[in-house]
Structures are given as structure tokens and as C-alpha cells.
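In order of appearance the chains are A, B, C and D, and numbering begins at 1 in each one.
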Amino acid sequence: MSWKASSIVARRGIAGRSVGSCHRLDEARQGKWAYVYGPYAEPVLRVRPGDVLEIETADAFGGAIRTEADLPSKVLEMPWVNPQAGPIAVEGAEKGDALVVEILDIEPRGPQPAGTTALIPEFGGLVANGQLLNPPLPERVKKMEVTRAGVRFSERITLPYAPFIGTLGVSPELEAVSSLQPDYWGGNMDLPDVAPGAIVYFPVRRAEAYLYLGDCHGCQGDGEICGVAVEIPATVTLRVDLIKGWHIAWPRLETETQIMSIGSARPMEDAVRIAYRDLVRWLVDEYGFEETEAYFLCTQAGRMRVGNVVDPNYTVAAAMAKAHLG
Amino acid sequence: MSWKASSIVARRGIAGRSVGSCHRLDEARQGKWAYVYGPYAEPVLRVRPGDVLEIETADAFGGAIRTEADLPSKVLEMPWVNPQAGPIAVEGAEKGDALVVEILDIEPRGPQPAGTTALIPEFGGLVANGQLLNPPLPERVKKMEVTRAGVRFSERITLPYAPFIGTLGVSPELEAVSSLQPDYWGGNMDLPDVAPGAIVYFPVRRAEAYLYLGDCHGCQGDGEICGVAVEIPATVTLRVDLIKGWHIAWPRLETETQIMSIGSARPMEDAVRIAYRDLVRWLVDEYGFEETEAYFLCTQAGRMRVGNVVDPNYTVAAAMAKAHLG
Amino acid sequence: MSWKASSIVARRGIAGRSVGSCHRLDEARQGKWAYVYGPYAEPVLRVRPGDVLEIETADAFGGAIRTEADLPSKVLEMPWVNPQAGPIAVEGAEKGDALVVEILDIEPRGPQPAGTTALIPEFGGLVANGQLLNPPLPERVKKMEVTRAGVRFSERITLPYAPFIGTLGVSPELEAVSSLQPDYWGGNMDLPDVAPGAIVYFPVRRAEAYLYLGDCHGCQGDGEICGVAVEIPATVTLRVDLIKGWHIAWPRLETETQIMSIGSARPMEDAVRIAYRDLVRWLVDEYGFEETEAYFLCTQAGRMRVGNVVDPNYTVAAAMAKAHLG
Amino acid sequence: MSWKASSIVARRGIAGRSVGSCHRLDEARQGKWAYVYGPYAEPVLRVRPGDVLEIETADAFGGAIRTEADLPSKVLEMPWVNPQAGPIAVEGAEKGDALVVEILDIEPRGPQPAGTTALIPEFGGLVANGQLLNPPLPERVKKMEVTRAGVRFSERITLPYAPFIGTLGVSPELEAVSSLQPDYWGGNMDLPDVAPGAIVYFPVRRAEAYLYLGDCHGCQGDGEICGVAVEIPATVTLRVDLIKGWHIAWPRLETETQIMSIGSARPMEDAVRIAYRDLVRWLVDEYGFEETEAYFLCTQAGRMRVGNVVDPNYTVAAAMAKAHLG
């Protein structure tokens, strides 16, 4: 893709790297899924910068919800949810580098209806969440057919297939944190921009980075308001790479048309502040803006995308069109 | 515009109303600006449903910042900021009705450079806001030329002219609240969708509604992160109307392609909840969805727009494409 | 009281002022209650610094809940709740002064059971508050006998009579804001320390200050978690005074043993920050601490009291024992 | 202690258990400190219910700040802070039990001045915390003499010695989370009530519970507002026990005079809700209250204590006097 000639990857001198080996990580090779992002598990795969990976992911329920009669409270056992593929070791990655994940494709897999959404008791953006005395809303499961042609929401509504990776990131240095949580290492950001056509950058904190992913969505509204998107098992195709010595504090993302900083925190305004501060600093460090000018430009032309407002941290991205970056 | 044949206005039986009188409310007729949204002032104009209004608005600084040397701390005196045109009495409006404001045009006025943005001490999304011990960032003013051709941000960057009304709404029943605040009555929402082509609905709380407006922006990024957009004096053209007996709790907005509920609160997630709950209820009441289905549809296809994350309440809108509403 | 010899009042030179006139403001003289804190009403009483006031207040429901069968949704009509006595004009008060309110006594009045608490639909700290889809908890009213001997909570539990003024403050300059809201002018702070034995200081924003009060509580837990304390009609005895030119940004309070700064905001941590920052500055301005030392002392010896976590703003006080102030 | 005859421990049938073995866990036996609360480390000690433990803890800086010239940015290396003793395996503990930790004594140790507080860049309740553009406040360290006679804050101020364990808890089931974080497992709650005379209950999530502790404070104000209390190395004496099958969701605490539920979350109001909801449920389950009565009693007589407003989660406790429990 031609836009990559001016991308961060290009600016950082690795755009021309030839494509490396291809790896396939299917369910059998993965063996047991991972449920934390952490440094304590053994890698299931070891790759080199430039390699292409084809990875099978489970849906967020580990496939336990097969029909609309499989209520979450019956078939799920906490904390064994949101299973992840990985960790995948990336040779040469060290604390202080940035891991580059280029998302090439997301293909739904498994028997139809492959897509699942649900009302889970005491979970979601518009219900009492384990802090109030109100009785929970009734549980409910909705299964949907999901193909590249669309997400069949109901007889009269078919939503566009707009797949992305709900949970993607690297290991913290010391901690092993639930795959339900988004944070500076990525994780459960549920951000629709983490989609084919995007390159995502993560701060490496331990040797070999330890990449994890899972939780693909056939489509999702901003905020994932009930807490469960169109959850699908999928085959994901990625290309990984490495930018040595690029110290970033939070995940960043780039497409043909924009750059984006991603913050995760509570309350939600803290996620906004993290994202916009990181974007301001990115404009200063990489695009030659004086800090106040960058702050003004974000004020007049910044764009925000809300990932989730339901997870242990909320995720918000702040973006700037490349058209304004000269 | 043909889309209005299926709009709320049409559903509520007033779409075909013929255009009424035209009124002009210029600075001279306004006299003193209003600084609160409230029921205690005398109306400066009285109109009928269906009437068209051409209104001159001041910029958020009341024109006091003429050059980049006019620092806010020198030329502004709190709480005399964000001057508003109004109140405009709408005949026949009663508590329990919805006021309809169709935005037809926003024209910049005044000598160039008409646009102003600024760093104001202890104000804005990325600075310590009167609650911390850090010293403030230095004040700074930036003036920009603003015409229909664009906002001249700098020598190399011209942003598209994308004007909207930053502060627009009706009077509360008992309270008279600063024009800096957004709430259920509208007010300082700083939401870029409040723009030509949109119809905005407000809950009437007092007899004759008392419409106020001001604070036009030549363009603005999502969140208005430094706290000050491209502030311009403007001439605004509106058409007002009335839907009798349509009880709405928060402002709603409609364009050719989407419907939108607008919430304002702190912390920001509460604004999200207000907006999405209102959208769910709108889908149920007006479009025949069962509540859980509406919640699921918002989860899979809702879109969010962040107005501001800097005012006394933060403003977030939740939207649904009409394409999904059958 | 001897401690007042070293109080702010003494430091500011008005401690020795002789007691002025006595005024009685009963329900008849009040006439209609006030429902907003604002500058637009006519004063019901005009007093001088040093005067003593005996004031009859209504309970937060305006006496409409007489028995446990009087459900709030039946007998209350929003926004006509939390009626206030006032405004009381204080001669000589100007913007930039501090109004001194010394609380001398609170006496329950009216027929027994005088105390009321209630579960109000969609209101309170542990219920879904107009932002969620959960159905509300059932309404309920509980009446309690309240005398100086105690609050008879149930057959087996009598709570100590610990009365305070739930809503107390002065007018903003331009705004007229609901008596349900606490803010920099005081208002509905629901802070149990606003009790006999305390002196409270408010920032004057308009000529003659315009003092309001109401909403007395027979006792209350920290946070007023269900949203309704032991609401009582009462007779309050105050002494008002004036400190010319003492610019304070938020209410402050003083007792024999401590000084206290009071913040109101959302989210709750912002109220904490406001209160502690104000306390730090108070230690610096009035007690000779260097700023970092004041910050350290608050960290090691500050005490917090939570007023409410249910009103439009949450209220938190930060206090320092006078024993540490030398 | 006689009050224990009516304690939870007594109600749950283990009050009379005879004292078991005594164990000493000094620095040498601990070897390397732990920096996460998690299930992946090997226990450093294995004890039985009823056993008494004498444990040496490091201060939150691992002793790296010896003088006021040892600035945090120079001598600390993230994430290697807040070192913990443990994990200590408790035989027989299983998921679904409650671990009982009775705090018997906290003795300062090490050369004087043993106490340390500090301003750390971009950390603390009244400074910009990695989300804003303001420059940080200057770093500063303050050393204090700490003995059982008091904390020598300055020449003129000696604060009472009021020691407690800042960080105390058990392992999550799957996660290994930084010792800087408080959550449902306890951890860095910084709650001054976790002191000699208290019994603390924790939800066991993995076999043998895995108890961790560290971060003792010589004294601390509510909220630990600058982020650093009077940090001391200490010798802690505990007695551990086990209540089989007592499912609790969050830590609970009991003293002679009160019971207390402890919540940790952001924003702060969520910590309040967690704590009060848990207290309501405790009153219902253990003390025979109907739920609404328990909610009313908390509203009228609940007491709150703020632990910290500076850590990754904020910690708030809600308490009820035993005097009201019959």
C-alpha cells in the first residue's frame, strides 16, 4: 500500500523490510488459551520481525454459547472468559522498543450462526454493575449469522461486516492481567479501528514482547454499550515488525488517512486526556509542531473514537487526519 | 429537503406547516447580551411556530479579544463570558412540549481575522483546572481568518469551514444557569452536529420556551480539548417550530442520515449513559423496537460524538443511522 | 466560647464585635419558600453584621410527607423540593468579602413523628439514577420521632440527635441555581459538620450576600447514601457576620478543634482535590506553612468528611486539627 | 479480647481456636521481595490457621531513600517499588473461604530517621498525573524520626504514632497485579483502619490464599493526598485464621466498635458504592436487617473512611457502629 511510504514505519526505517516467514497458529498448536496478558506463560510461537502470522482466535466466550438457550450464567465460569491466542515471542524485542502489528485480514470461522451477543447480569453500560441494589435485567443471548457479506442482526436489519480485533496487545513487565482489561499494553480495548488496513504500535515491556490477541468482533457500535459486541471466532492475518528504541507510553495506530493515540482509564475523561496528550506529544516529536500549536490543532481538528465504556478501563482514541500534517 | 418527509417533524404532524414570518434579531435589537439560561429575563423577540429567524451572535468572548495581544486574563471579566442572544419567546410553547430548531445557515461576520482560540489559565482538558497545585501554562491567543472557504489555522494548514452553534437551548423552569454550562436544556454543548442541515429538539420547561443561542464555532475538534474552539461572531438563520406534547428529557437531533440523543454530565461516562439510554428509549417509543433489541442495536451499530470534555458538564451524543431503522 | 479568641474571626479582627439585634424569620414572614440560590428574589429580611437570627425552616419535602403512606411520587412535584428560607440580605456585604455564619442551635419543630426518610425512585447512591435501564426499587417512606433525646430509628435502635443544616449558603452573582445543588456558594452540601458549634465562611458574590438555608437533618450518615437523611422542620439560631476583603473560593468551616475546607464537584475525586487544595492554601496564607510542607501535613494528618454522594455535585470536606497548627 | 466473643470470628465458630505455632519471616528468609499479588510465585512460608506470624517489611521504596538527597527519580526504578513480604501459604484455604488476619502489632525498625515522605513527579492527588501538559512540581524528600512516641513531622509538630499496614491482601486467582494497586483482594488500600486491634477478612481465590503484606505507615491522613504517607520499614505481628465457606466479595474489617466494608475503584464514587452495598448486604446476611432498613440505617448512621485517592484504584471504607447492631 502506497501510503506506507510516509508512515511511521517508513519514518522509522523499516518500511522496506522484506516479508519474512509465514506462520500458522491454529487452535491445536495453541493448546490451552491464555486468560491473562503477562510474562509468566511459555510462548506458543516464536517469530521474527517481518513475519506474517495466520492465527485462529476463539470468541470471547470460548465458544461456550452455541445457541440462544446457552445463558452466560450457566455456561461461563469466571474468570475463564475472553480466551487469547499467544503469547507469541518476537525475536529481538526489548523493553523500550515498539512492536508493530499490521492487520491484514479477519475471516469469520466456525459453524453459523457464528456471531453472539448477550445481556450478562450486572454487566454493561446501561445496567447496575455490581455496585447498586437494583435487581439485574434478565439474561438474554442473541445469535447472528456473520459472513463477509454482513452481520444479520434481524430479519429486516443487516449490518455491514466491519471486523476488528477486540483484544490485542503485549505483556506488561511484571504483571499478568486479565484479558478483560485494556491498559497501556493494549488488551481489551474494543476499538473498531483495530481493523484490517491499520498498523498498531505497542510499547514493549519485556524481552520478546509476548503478543496476545483474541476477541474478534464482526461489527460493533462505539462504546460497545451492552458490553458484548458481535463476538466471533476468527482467523486473523497479521504482519509483525519491530521499531527499535521507539519509546511510546500507550498504543498508537495508523491508517492511510490518520494517526491515532489510544488511552484506557477510568473515569472516561482520563482516557480522553491520555489519548489527546499522547497525540499532542506525537505531533511535537514526529511532525514538528510546537506544543501549544499541537494542542490548538487537536482542539480544532482532532477526532475521537470511543472503544468501550464497559470494561475495567474505558478506551478512547484521539486521531488527527494526515491531511493536516503536511 | 425530502428527508424531512420521514422525520420526527413529519411523524409528529408538523412537517407540512407553511413557513411563517421572518424576524431579524441584530445586536442593536438584542441590546444587552444574556449570560444565563433562565426564566427571569424579558424576551427580546416573540415569534410563532414556523417562523424564520436571522440572528446576530457574538463570539464567546463578546468580541473582547481583537488581537493576539489581548490576553483573556486582561480583557475578560468572569462571569461575563459566552454572551447569548435571547431569550426569544415562542408563542404557544408549554412545559411538556418539544421546541424544534432547524438550523439553516451560519455566516461568519465581523472584521477579519474573525476567529479566536486561546489558552486560558487553569481551563481546558489537558491542564490543571483549579484543583491542583501545578502552575498554569502560559496564556496565549491565536487569531485566524474564517470565511466560508475555510479556517486558516496556519500558513500551511487550512481547515474546512464546518460551522455550528456551540451554545443553544431553552430556559429551565426555575433555574437561571450560566451559559457556560450544558445540561438537559441544551446550553453550552459544543457539539459539532448542531450545524446547518440538522433539526434539534429541546424539552420546553417554561411557558414560551425562551430560546437562547450564541458561541458559534468556525470548526472544532471532538471534545474541544483546549476549551476554546475557533470562536466567531456570526449570523445564524433558524426556523423554529413546536411539537405539542412530545415529552423529551434531553436534547435530540436529527439529520438526513441519523438520529441522535445528547447527554451532558460528569463524569463523562454518565453523559454516555444518558445519551444511549435516551436513544434506546427513542428507538422503542418511535421505531417499534423491543427494549433489549434496541440496546443490542446500539451496541452493534451506535455511533458516538463527543462535544466537549472541558465545560462544567461534558457532552456526548449517541446516534443511530436511519438506514438501520427501516 | 474561648476558642474563638484564636479563630479566623479573631485573626480577621471581628471577634470582639458586640452582638447586634435579634431577628425572627418564621414561616409567616418568609411567605413563599425559595427554591433557588440566586440574586433575583427580593430579600425577606435585612440584617447587620453581628445580628442574631432565629429562623424557621421546612423539611426537604416542604412538609408534604406526613405519613408513611405519602409516597414521594404522589405528593412531590419537581422542581418544587428542598424549600429554603431567605434570601436574607446582610448590609455591607460585597463581592470579595466572606460571610460568617455561626450556628448556635437547631431545634426540631412540628408534630411528631417529625423525621422523614424515603426511597425515591431513581434517586440515591445505590440505585440506578436515570441513566440505566434497570427498573427502580420500590418507593418507601419511613417516619421517625426526632427530639433532642434522639432519633428513634426503630424499636431497638435510637440514634443520637446530631442535627445540622443540610443546605446553607449565599447567592451566586448571576446564576439562580436549584437548592438541590451544592457548589462554591454552599447550598445542598449535606455535610454533618455544618452544626451547632461551627462557624462557616462563604464567599460573597453579590451585594448583601443573600443568605439562604433549609433542609435540616436530625442526623445523617457520611454520604447520605440513600439520598434522604432524617429530614426535619426546625428552628435554627444563627449569628451572621462579615469579614471584609477575605477572598475565599469555596466554603470554609471552623470549630474549636479543627479547620475545614469544603469542595463540591463530580466525580467525587474532584471534590477531594478542591477541598484539599483549598486547605493547603489556607495553611499557607493563614498559618505560615510553605506550600510543600502544607501538602505533606495534609498527607500525614488531614481528615476527610464526606457530605453527600447523591446530589448534583458530591461534597467532601478536608480538615486539619488545630492542635497541629501551633 | 472480650469483644471478640461477639465478632464475626465468633459467629463463624472459630473464635475459640487455640493459638497455633509462631513463625518469623525476616528479610533473610524472605529473600527477594514480591512486587505483584499473584499466584505464580513460590510461597516463602507455609502456616496453619491459628498461627502467629512476625514479619519484617520494607518501606514502600525498598529502603532506597536514605536521606533527603535521595530523589525518587534517581534511586527508584519502576515497576520495582512497594516491595512485599510473601506469599505466605495458609494450609486448608480454598476459593470461597475468607482469610482472617488479626493485626496484633506494628513496630518501626531500622536506623532513624526511619520515616520517609516525598513529592514524586507526576504522582499524587493534587498534581498533574501523566495526563496533562503542566510541568511537574519539583521533587522533594522529607525524612522523619518515627518511634512509638510519635512521628516528628517538624520541629514544632509531632504527630501521634498511628501505624497501619498500607498494603495487605491475598492472591487473585489468575492475575498477578502490581502491589501498587488495591482491589477486591486487598492490596494497596492505604486505609488507616488496617491497624493493630483490627481483624481483616479477605476473599480467598486460590488454594492456600497466598497472603502478602508490606508498605507500613507510621501515620497517614485520610486520602494520602500527596501519594506518600510516613513510609517505614516495620516488624508486623499477625495472627491468621480461616473461615471456611464464607463467600465475601470485597475485604471486610472489624474492630471492637465497628464493622467496615472496603471498596476500591475509580471514579471514587464507585468505591463508595461498592463499600456501602457490601455493608448493606452484610447487615442483611449477618445481622437480620431487611434490605431497605439496612440501606436506611447506612444513610442515617454510616461512617466513611477514605483510604487513598492516589493509587490506580481509590479506596473507601463504609462502617457501622456495633452499638447500632443490637
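In the analysis below, a contact is a pair of C-beta atoms (placed from the backbone, for glycine too) under 8 Å apart; a residue touches a chain by one contact, two chains touch by 3 or more.
These numbers come from a predicted model, not from an experiment.
A.B. asks: Using mean Cα positions as chain centres, tell me which chain lies farthest from subunit A.
C.D. replies: The most distant chain relative to subunit A turns out to be C.
A.B. asks: Between B-D and A-D, which chain pair is linked by more C-beta pairs in contact?
C.D. replies: More C-beta contacts join the chains of A-D.
A.B. asks: Where the CA atoms of subunit B average out and where those of subunit D average out, how many Å apart are those spots?
C.D. replies: For subunit B versus subunit D, the centre distance works out to 48 Å.
A.B. asks: Could you give the separation in Å between the centres of subunit C and subunit D, each centre being the mean of its C-alpha atoms?
C.D. replies: Chain centres of subunit C and subunit D, defined by C-alpha means, are spaced 34 Å apart.
A.B. asks: From the mean C-alpha coordinate of subunit A to that of subunit D, what's the distance rounded to whole Å?
C.D. replies: 34
A.B. asks: Could you check subunit A for residues that touch two or more other chains and list them?
C.D. replies: 126, 131-133, 137, 266-267, 273, 277, 280, 295
A.B. asks: With touch defined as at the start, can you tell me which subunit D residues reach subunit A in the complex?
C.D. replies: Checking each residue of subunit D against subunit A gives 35-36, 38, 40, 79, 130-133, 173-178, 265-267, 270, 273-274, 277, 280, 291, 295.
A.B. asks: Could you please specify the touching residues of subunit A with respect to subunit B in the complex?
C.D. replies: 117, 119, 125-126, 137, 140, 142, 151, 153-154, 156-157, 159, 219-230, 266-269, 272-273, 276-277, 280, 292-293, 295-304, 306, 309, 314, 318, 324, 326
A.B. asks: In the complex, go through subunit B and note every residue touching subunit D.
C.D. replies: 126-128, 131-137, 267
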